[in-house]
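What follows are several structures.
Two complexes are shown next, each including chain A; its partner changes from chain B in the first to chain C in the second.
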Partner chain A sequence: MQEERLNKRQVKGMLKQVLNLTLIQHTIRTATPLILAALGGLLTEHAGMLNIGMEGMILLGSFFGVLGSYYFGSSLAGVVLAGLVGLVVGLIFAIFVIDLKSDEFIVGIAINIFAGGLTVFLLRSIFGVKGAFSSPDIIPLPRLNFPGISSIPFLNVILNNHSIFVYLSWIFVALIYIYLYKTPYGIWLRASGEYPEALETAGVSPKKMKYIGSIVCGILCGFAGSHLSLGYLTLFTENMSANRGFVALAAIIFGTANPIKTFAAALMFGFFDALGIRLQVVGVPSQFTQMIPYVATIVALFILTKRQLAKKKRDREGAA
Partner chain B sequence: MNSKLFKKDLEYIVSLVLSISASLLIGALIMMANGRSPAVGYGALLKGAFGSKYNMANTFAKTVPLVLTGLATAISFRSGIFNIGGEGQLYLGAFAAAYVGITFTTLPKGIGIILAIIAGALVGGLYAFVPGLLKVKYKIDEVITTIMLNTVAVFFTSYLVNYPFATTRGKLNGTEIIADQFHLSRLIRLSTLNTSIFFMGFIALLIYYLMEKTSTGYDFKLVGQNSLFARFGGINDRRQMIIAMVLSGALCGLAGVFEVLGVHYRFLQNISPGYAWDGMLVALIVKNNPIGVIIMSIFFGALKTGSISMENATSIPSELVLVIQSIIILFIAGEAGFKEKFKEWNAGRKVKQKAGERNA
Partner chain C sequence: MYYMTKKLIQVKNISKQFPGVLANDKVSLDIEKGEIHAIVGENGAGKSTLMNIIYGLYEPTEGEIFFEGEPVEINSPLDAINLGIGMVHQHFMLLPSFTVAENIVLGTEPRKNRIFMDFKEAVSRTEELSKTYGLKVDPYRKVESLSVGIQQRIEILKVLYKGADILILDEPTAVLTPQEAEDLFNVIRKLVKDLGKTIIIITHKLQEVLAISDRVSVMRHGKMIGTLETKDADEQILAEMMVGREVLFEKLHKEKIPKEKVLSVKGIKARDNRDLIALDQVSFSLNAGEILGIAGVEGNGQSELVEVLTGLRKMEEGTFTVKGIEVFNKSPREIRDLGIAHVPEDRLATGLSSEATIWENMLMGIQHTEPYAIKGIHMNKKKIMERSDRLIEEFDIRTPTGDLPAGNLSGGNMQKMVIAREFSFNTPILIIAQPTRGVDVGAIEFIHSQIIEKRNKGAAILLVSADLDEIFRLSDRIITLYEGKITGEFLNGEISKKDIGLYMTGKHMDLAGRGASNE
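Now for the complex of A and B:
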């Protein structure tokens, strides 16, 4: 009897340890690279290309972020270098998929393996270390504090003292939403994936729009990587992207490539990631919470297509 | 007809050789940029891959998972259904084999091993059946579902070996060691080469026969080229796709089984360093040709084994070969496009030449 009560108290204590404000703070933090990469990936998705090379692009961004920050002594240099490398890889993806008509997922797989090999190769040949590189000379990204909300207890913990990309990613969500749905360029980009012939007739090159989508995707994935390696901990470790590119892909599919829905999906997946890490601290297996984004995506796809099929059937019956 | 086909094959082999040479050249440039001699580097690589009985054994040991996952890719891709989930199927197959090996410890040697093999193939096949069914029945993109299922399997097995099946001896993130009679015998001292290579050879022969010599294999090809056309030709394209997917998953499961029975003797949390991805590259490079898969697997196995010796001899990190491999696949992926561009460029040049002649 007494034991049971003790267990209850333990559980309560554990819950308190897990479910608190820090969890929200961690969610925001872990969701940021997902948001950045997913925003990029949804552009290629709209342009009609499935980009599974995001994983590798993020990894390259992490490495070159550290490299730039270490050599130039400025986090901005790290971010710029990471973005540039992302741009180049996005360009390569575009050249192969659009001009050379390669299979997009083969190119994606090649990029992932290339990134895994190159980062470890450079880690060892430039820094002479295996596994991880960290140094006090790597300058972290600046953290922002808004004095206006520092006196408000909840918001202070949740919103203040984040790396700059956290706030930038939110701005990017709005920008990309406006770009996609409120400007002609956005319509062109979407048309390049859905109705390339129509776009061609309208005098806009679908190829150009696809290139833009792919390049911006590369840059954003590069940023996502630099947030990982310069945002909170300043270090690079082998395979640092740890499936985030695939989770970002999941967020895009879950959010039907709509920037706001994708943002929400990325936040949700970030939440489960943060929850998993905190559960692990109190000794609960984290694997199941980590699985959620992947399983959720399959379930969402299933529901989505079932609904579509049902709608088609209704339409057909209606027509008859 | 036949000579035309032959010419196409020959053309492809030429581009393949060109792609591989160009990638090795890029590798050489990277070595030079690091202040190392490519001749010494590649020399050490070659020696490390084939220089002695032990090295050769290691090269062939590395081909076992590559051939199996490569054939798995070849079967599915040729049928027009893209199984990218090999890694997950491999993990589950490996775990199934380990489970059999630590549970049925009283079985006699032969039967135990066969049971483990069947269990791994079955689990891998079933895990591939799910995305196959989703694709055929609901038209859900199998590329996405198999990618997602990869990670699910890795996390699930990670849970299993950290909690219910964690070894009590040391913190290894693995299961207990499987019973002695499940261990496949090693063939060369100190090398991990084991009898699984014979199993692999037998399986590869079966798959080759199935793909190239039977009507089922021909149906796979037809479905892959044009499923609608195949359907009009009286082939049940959906059934073929599912069969291809399940076979593909079973092969990946087997790759995992042999890692457990022949190499590690237990399931480990990170049992595969991406074998299924490598196998996929192998198959893609040779355009899903089963014999090509075997040759290319030996090449990749040699690169992997040799890269360690290269690192020891020249201190060039062994990961260089990953870079080389990914560049090969990029070139091959763009092969058709490169050819087209070259033809366009060539045609343009000829037109210009003719125009020039006329003007003169």
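Now for the complex of A and C:
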């Protein structure tokens, strides 16, 4: 009898430790790179290109964010460098896929492998270290505090003291939504993916729109990477992106490439990530907790691709 | 010089070289202001290439274009649009998931505060345009939910919205019912007479050319054969110019065959790929030595009917009997063994394998039988090649050897290959869908005579075609299909093409009503 009651109390205590405001705070943090990358990726998705190179773009962003911040002594320089590198990689992706008509899947994989190799190589040749580089000279991204809400405990924990990209990513969601659905340019981008010939005969170059989509995707992935390496921790480790590019892709697919739904999907994946970390606190073996976000991704993708396959089959048979 | 003449567009010695094909060979053409100019030619004659050059989609390898006497360079559709040239493509350039208004203003959207799309304005401009030209559309509807006829209307409005004075229409009637085509012609006449537009219309239907155009230019094998006043032309002259030899549109000889029912279809119900009911209580019978034509606007159940009868699609209800043997959801192989051969509507998707060689394609369907497969497994290459070569010869398939990939053949020769294979099985029943789609005039003649020969030898033939002329030319009996239901059955000669169009669009009730009031 008594033992049982004790167990109940223990469980209650553990739950309290897991399901609290910190979980929400962590969700917001871990979701931010996913949101940034997914926003970029949904642009290429709308432009009719499947970009699995996001993973590599994020990794490069992480590295060059640290590099810029360390050498120029400014987190802004880190972000700018990360964004520039993202832009270049986005451009390379576009040249290969749009002009050279390479398979987008292969190009994406190539970017990922290249990013993994390049960052390891540069880590050793520039910083002379293996595995990870950290230094007090790496300037972190500024954190924002809104004094107006610091007196409200609930909002204070959730909304205050985040890295600047957390807030920026929310603004980007709104901007990209407006761009896609409220401006002619957004219509052109979507048209370039749905039926490029229709856009071309209307006098707008679908190629140009696809290039824009790919380049902006690269920049946003670069930002996502710099948030990873300069946001809370100030260090770069090998393979730091840890498959976030693929999770972002899952968020896009799950959110049907709609910025708001994709934002929600990224938050969901961020939540599972945060949940894993919180469960570790109460003693659940880390081998299990680390699985959670990926298991969630696989389940989500399974549901979605099943739906998509059915649609594709319908379309194909409809066309035949 | 030409300053004082009415010549609006002049094309001089345009050539276009594609890898391995000279699509346009020193082509010259004059378009006068305010005329309806038809351009005719067989498939692959270079009509569409020429128009795509005028519209800036292709860059010519050599040659010049003059606009109102001045030399111009048209490097993109935008240049063409700025000159007032608009094109309605054979494959509509519409975004299916966007609304009508969004499609019409695409590329030159009305804006609010310079960067935002003004949806309200787009809708009101669409409505205005729709009123001006008498082409009714609903600006809020998504394009994917609209019929082909309406989609074409949107395409025309789209071009007019861009301020086009010259409209190029590429095979505009290929997808329309006779009524819709008649409507389109009225629109074209109105555009020219009342609004001073100039129309260039590409087609291969000679009757349409004679009905609507002022002048007609004929192309063949990438060359411009000549331009003549339509009033000086007739079908025979144009057909000869198109093909380069005399074409005999002679009446096909049909022998009388004693009636014997070989296929009987009872109450078939089946669903389409979207899980909607595609066939509803379809019943008919087919006799030996008879061609039964299925007429209908595409997408009214014809494809599904063919698929059910060949075992490619499951039926929910009903049954059919082949020479008395009942069939319910049997496999394609079992159905073939019962004696049904099938010429599919889409030769590239289901009729052949374009990467396999011609002889391999010829073998498909009997690859497991003697004498081509010894004991069912070992290929007897000698017999296989003998048969393949014989069929190539018999069906006039133009290829240096049967050992080439089928994908190398032209559309007409691919179709002849599929027909050769299916006809060679000598089955009592043939199901033939769209036998001459995208095939040139010469090959059409040949294929039609082959079909009639089969019929005269006693085969029962079910013919599905979107081409009403074909249905009327070949069929002994005609069934109309509308929204998966049979709406009428006629002996050939009992009904006009115009009236059958009403049955194909479900408007035959009007006809019946009219008939009743006449009595």
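Following the convention adopted for this analysis, the second predicted complex is superposed on the first by the 284 of 320 C-alpha atoms of A that agree within 3 Å, B and C clash if a C-alpha of one lies under 4 Å from a C-alpha of the other, contacts with A are read in each partner's own complex, and residues count from 1 in each chain.
Assume contacts are C-beta pairs under 8 Å (C-beta built on N, C-alpha and C of every residue); 3 or more make two chains touch, one makes a residue touch a chain.
Everything numeric here is computed off the predicted structure, so don't read it as measured data.
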| item | value |
| --- | --- |
| Touched partner set for A:116, first chain B, second chain C, both or neither | first |
| Dominant contact partner of chain A by residue count, chain C or chain B | B |
| Which superposed partner A:182 touches (first chain B, second chain C, both, neither) | second |
| First, second, both or neither for A:300, with chain B first and chain C second | neither |
| Which superposed partner A:204 touches (first chain B, second chain C, both, neither) | second |
| Which of chain B and chain C A:158 touches, first, second, both or neither | neither |
| Touched partner set for A:149, first chain B, second chain C, both or neither | neither |
| Partner chain(s) touched by A:106 [first = chain B, second = chain C, both, neither] | first |
| Contacts of A:124 with chain B and chain C, given as first, second, both or neither | first |
| Contact footprint of chain B on chain A as seen in their complex | 50, 52, 92, 96, 99-103, 105-107, 109-114, 116-118, 120-121, 124-125, 243, 246, 249-250, 253, 285, 287-288, 290-291, 294-295, 297-298, 301-302, 305-306, 309 |
| Residues of chain C touching chain A in the complex | 55, 57, 76-78, 81, 87, 89, 91, 93-98, 102-103, 106-109, 111, 115-117, 158, 162, 273-274, 346, 349-350 |
| Touching residues on chain B, where the partner in the complex is chain A | 30, 34, 82, 84, 134, 138-141, 143-145, 147-149, 151-152, 155-156, 158-159, 162-163, 274, 277-278, 280-281, 284, 316-317, 319-323, 325-327, 329-330, 333-334, 336-338, 340-341 |
| Chain A residues within the chain C interface of the complex | 182-188, 190-191, 194-195, 197-205, 313-314, 317-318, 320 |
